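What follows is a pair of complexes built around chain A, which joins chain B in one and chain C in the other.
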Partner chain A sequence: MVEAVLAAPAVETPSPMDDALRVLVQEGCIQCNKCTFNCPVHRVDALFSPRKVILQAYLGGGDEVNERDLWACLTCGECQAVCPTQVPYPAFIRAKREKLRDSTERLAPCKHGGFKEILAEIMAKPGLRQDRRAWIGDGLKVAEKGDVIYFTGCMPYLDGVFSYCDSAQIGRSAIRLMNAAGIVPVVANAERCCGHDALWNGKQETFEKLARANAKWILETGAKRLVTTCAECYSMLKYEYPKAVGPWPLEVLHMSELLEELVQQGRLKFTKPLDLKVTYQDPCRLGRHSKEYDAPRAVLKALPGVQFTEMDRVRENAMCCGVGAYSNCDAATKFMQQERLEEAASKADHLVTACPHCRIHFSCYLDGKPVDPLPPLKIVDLTVLAAEALG
Partner chain B sequence: METVDVSAVIQLLEAEGILHEAGELKGYASDASFLTLGVPNLIVFPKDEAECVKLVEMAVKHRLALVPRGTASSTAGASVAPAGALLVDMQRVGACDARGHRRGLFTPQVVSAKGEPADLAKAGPEDELYVRVGAGRTSDETNRALAKAKWIVAVTPSSGYSTFGGNFATNARGSGTPAYGAFGDAVNRLRLVTSTKEGAKVVEVSEREEILRLAGNHGLFGLITELDVRIAPILKAEEMLCAILSIESPDAQHLGAVMGALMKRVAASCQYFAGEFLFIDAGIVRPDDPVRNDPVLGGYFVVTPGVRKMVLVYRGKKAGMAALPAIAAESREVAYREITYAQFRTMMSVRTAATGKSLHRVNVPGCEDFLIEDPSRFGDVLAAMFAVTAGADGRPVGHHYPDGVVVHYRPQMPVNRSGIEQGWALNQRLRDAVLKKEFTVSDRVEHGLGLALFKDTPKKRQDELRKLKAKYDPANVFCPHLLEKGVEGRFVGAELVI
Partner chain C sequence: MTFEPEIAAFCCNWCGYSAADQAGAAKLTYPSSVRILRLMCTGMMDPYYVLRAFERGFDGVLVVGCHPGSCHYKSGNLQAADQMKRVASILRALGLGEERLLMTAASAAEGGVFADTATAFTEKVRKMGPSPLREA
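Right after this comes the complex of A and B.
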């Protein structure tokens, strides 16, 4: 079984303690505070401290996480990435949210009117009928059966809420790229939400329902590979589904990994110079959660006319886009986004992401009223950029 | 806060707009020791020197005791507040913008020994340069900012994430100490908010002897707000020598004697920036840690049951380390290998985590920091140490400094009261076994005395501390408990919260 990098490894059960605390103590916090210094939330809210939460949990037997601390965490994993003993703080928070979910006042922390949470709950229902292909449009080929599935995630629904993003463009670009390489992907009406937000926001049962529903149709297709353009879907399908649904005999790829492979095999050629200065945002779920740092960079370097410059904080040290699983978005988020976008704007005029949610959160910030003036900066999805380079 | 209730203090803080948190603050009940003096009920987060001044004025006026705290990554207890004291979190001071937000990236001001602005791009390796940094900044952050110019903070404790104010308060040592001394030796100027009988006063200290007297202050004299901290050029790869020396033996006494003799020769013949050692056991890194598959380093993590394996790594200038290969070759039991700087850093990461790395355990300090002045007694100390710690989780790690060998060891115990008390008891047995004059061992040299300040400081230093206290804190608002008898005893036992 493939283990998610940020998930807690299976270990023997120690003396009686709750699941969350068990996750926490298995690596042994040394109270060094490095997590807190590197936490993007702490930098704008001195009262928020992962180290403090850990000590409270130890001293209080695990029940001492207040609602603010429970939901302010982005589960971005910067804390774990710098932890000398790799304490799995995000996994602790995930377990804690599951345990405390029903006892906290804020039952639905999901922003945007609870859109994402409601969507997941609807999709977890049996007998659901969807038209998930209306966005595809003419000229793009998709199939009912085949070796490769394109798992769109919630992308078809996003434009109904985040009108400033045209998220469906990511899907059209993905199909166009695959078609150009001779791949006709399966896009299924039976697809459900991957369950990412449900899992990270403490709704394990909903996640498992969604995973089982998706596994059923995915396995029935007999596909050998599944490709997604979403970092969150990728981390779920690659690392969490095998744990939730059992044998998982297909290869899960992020679109950047497929593109890198197709370019290496000579099946895809980028011919149109783009003349852009770009930098890259490592999505937490693709980077720290899944350790995929190289493929997106390889794709960017393969695009003609793209001048790629790294930001100062990259890969495992990359700063989060400011929102995790739509559980939080407040003034602190805006300051985090300002800091990260300033960093991006100091390097390039386009910030490329490989997750539609990073793109939404940054675009949302730019669409609103930035905290401080920012140089012009465009937020672009990697898949869209690659499709533009097809010519 | 025996004379003012918490709600009254909160009103004062709110009137001044100083960020604070009140309640049963278990998350601030300890430092890196997991042991407590009590659970604080009020912590303040000043964002700059001006707010520190307001705090001190408030403390003098209302007879509040202030306990400054950096990252509280120390284990000496000085950053833990006793009941009734006001904890002052200094992490934001000089490290955040006007809104109070800390920036992940910053550009430190570089100054000369005279305090004049200096240009790092034009600096040469022999220039004596400092960064002028806020007390809440850390070596990690500063090193990231200096990396492009190929400079680093000269003295960086293993906890590169501890604040500069905290490093000065404990007079911490670490990487760079063999060449630059303790942290206090690397500070050229500092600003602190002190008390007067009537209120607060900002003091700037640049006289070398006075800085050295203030180093290791444990928060007794004021709130440090800014320091000039020595930086050093990063050696070029072709100038640097990094090496691993390893030895295996079932006999700890013999192993220690061999390595102690070797370290003595190294101290006499080599100039180095860092000398670090660790004992490797099966649990020191996870089974899936990539270091196990490293073609060069992986072999050091293969252990044989019943055999102790010690690894000693050095980093220095090639010219200063020329004698090292020959010294290593004098013992057939010692394997010598040169490694890259990146590999050295990987070993340092393992070394940093090693004191606390054990599944389902927390590390319990208490006798985790002692100096063996004569390295030739290293074998005797190890034999005594391993005899006491047999069967317990945890492993020794430490530093080789020119003035001796610092050993860190923390037993690792289950996270419950019984486990931690067992760890503490083990530490007491360890103290009895190793803190002996004939072993030339002295206690708490690197992590500072903290709560043991009164008990373990020589009388001469106690007198000096009292004079400094009278000079900088005549109102006696900063950590007054540290100069009381019996504070250390309250650190554990009756007041243990778990």
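Right after this comes the complex of A and C.
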């Protein structure tokens, strides 16, 4: 069991009282403090320390984590990436959140009033009959049946709350790119939230309901591949759904992986020079959680007129956008965003992300009042940028 | 059993709630299934309140604030109207229908307006039938 957990590619999420998890954390942690030195929250909030949390949880005898530490964690996985013994700290936090949520009705501390969590609860209701494809608009081809599914997740709902970000644009760009390569994707009305926030905020039951509801329609279409533009959906559908719903004969791709493949096969040609200086933000769910670092960079390099520069902290060491699963946004978040955006602005004029939620969190910061004035910087999604290069 | 729509009515302290109070003092009737929740201002209406109400099984959501220009906090009611417009798009996508949400105004003296609105909205929701989210 321990070997199985260590060998798995994604950040593991075992159930709360899982002995393997307990062993990995309790006996795995050597108290070296590397996690704390690398934790993006600790750099701003000196009282938060993953090492201390583990020490207290097991030496305190109570096996408990206080609520502040529980929700301050971004579950970005940077601690696990640098840990010499690979202690699955995010999984440990998730398990503790689940334990807490089982005992209380309170929502996770979301600064948007729990919008995404309530949305997930609503989507888990059996009576739901959605009409969620209004954003597609004219001129784009989608199908009811086919080989490729485009999984949109919560994207059609985001514009109702995050007015400073045109999130539906990501979806339109994705369909445009697929159409240009001769793919007519399935976009289903039966689709529901992927369950990412429910899972990471400790609502295992809601996640399982959503996973079963999604698996039902996905398997019924008989599609062979599923594409998503969201790093969160990607990590759920690829690594968590097989665990929750059993046999999963689909190939799950992030849009960047599909684009890389289409460019390599010559099915997609980018012709319009963009003349931009860009840098790339690794979303935690795509990078550290799913180990996909190269596809988005390959796509950026394939775009004409795009000058790509790496930031200093990239790949495993990439800094988080400041919020994980919408359950933490505070002073620490704002300082992290300021720091990350300054870093990006020093390298380029466009910051590209491959996750709509990174885009929302950074755009929110730019939309409000930055702590210190920032050089002009635009946050764009990889899919939107690629669609622009189509001409 | 006949269907009795459950309505969550978010009323601001200064106008909507006072109007409801006035309706009571004047012995005007409106459906008993309208559940009033008092807010200081409709400007604090979060999309989440509306979604949570539907998630908990309400069939309709009524938001009653001040008339434009007479908000106790200058522009809270206008902010709320803006928010509710955007929430309507969410309700449409969820298949609930934006008609299940109504944002309206009643001044503190308009008990009759409150009672009429509550009655008319309840009847409208009754015609639409129970919220699909109530299905077990």
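We adopt the following convention: the second predicted complex is superposed on the first by the 357 of 391 C-alpha atoms of A that agree within 3 Å, B and C clash if a C-alpha of one lies under 4 Å from a C-alpha of the other, contacts with A are read in each partner's own complex, and residues count from 1 in each chain.
FYI, a contact is a pair of C-beta atoms (placed from the backbone, for glycine too) under 8 Å apart; a residue touches a chain by one contact, two chains touch by 3 or more.
Predicted model, so just to flag it, every value in this text is computed and none were measured.
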| item | value |
| --- | --- |
| Room on chain A for both chain B and chain C (clash or fit) | fit |
| Contacts of A:D367 with chain B and chain C, given as first, second, both or neither | neither |
| Broader residue contact with chain A after superposition on the shared chain, chain B or chain C | B |
| Partner chain in contact with A:D349 - chain B first, chain C second, else both or neither | neither |
| C-alpha centroid angle, chain C to chain B via chain A, nearest 10° | 130 |
| Chain B versus chain C as contact partner of A:E121, first or second or both or neither | second |
| First (chain B), second (chain C), both or neither touched by A:D147 | neither |
| Partner chain(s) touched by A:A134 [first = chain B, second = chain C, both, neither] | second |
| Partner chain(s) touched by A:S163 [first = chain B, second = chain C, both, neither] | second |
| After superposition on chain A, the shortest CA separation from chain B to chain C (Å) | 32 |
| Overlap of chain C and chain B interfaces on chain A (superposed complexes) | none |
| Residues on chain B engaged by chain A in the complex (per definition of touch) | 19, 21, 26-34, 36, 39, 45, 71-73, 89, 91-92, 96, 99-105, 138, 140-141, 144, 159, 161-162, 286, 288, 349, 352-353, 355-363, 412, 414-416, 497-498 |
| Residues on chain A engaged by chain C in the complex (per definition of touch) | 112-115, 118-119, 121-122, 125-132, 134, 156-157, 159-161, 163 |
| Complex contacts: residues of chain C adjacent to chain A | 46-49, 51-52, 54-55, 86-87, 89-90, 92-95, 131-136 |
| Interfacial residue positions of chain A with respect to chain B in the complex | 9, 11-12, 14-15, 17, 21, 25-34, 36-38, 40, 42-44, 46-47, 49, 51-53, 55-56, 58-60, 64, 84-86, 312-313, 319, 335, 339, 343 |
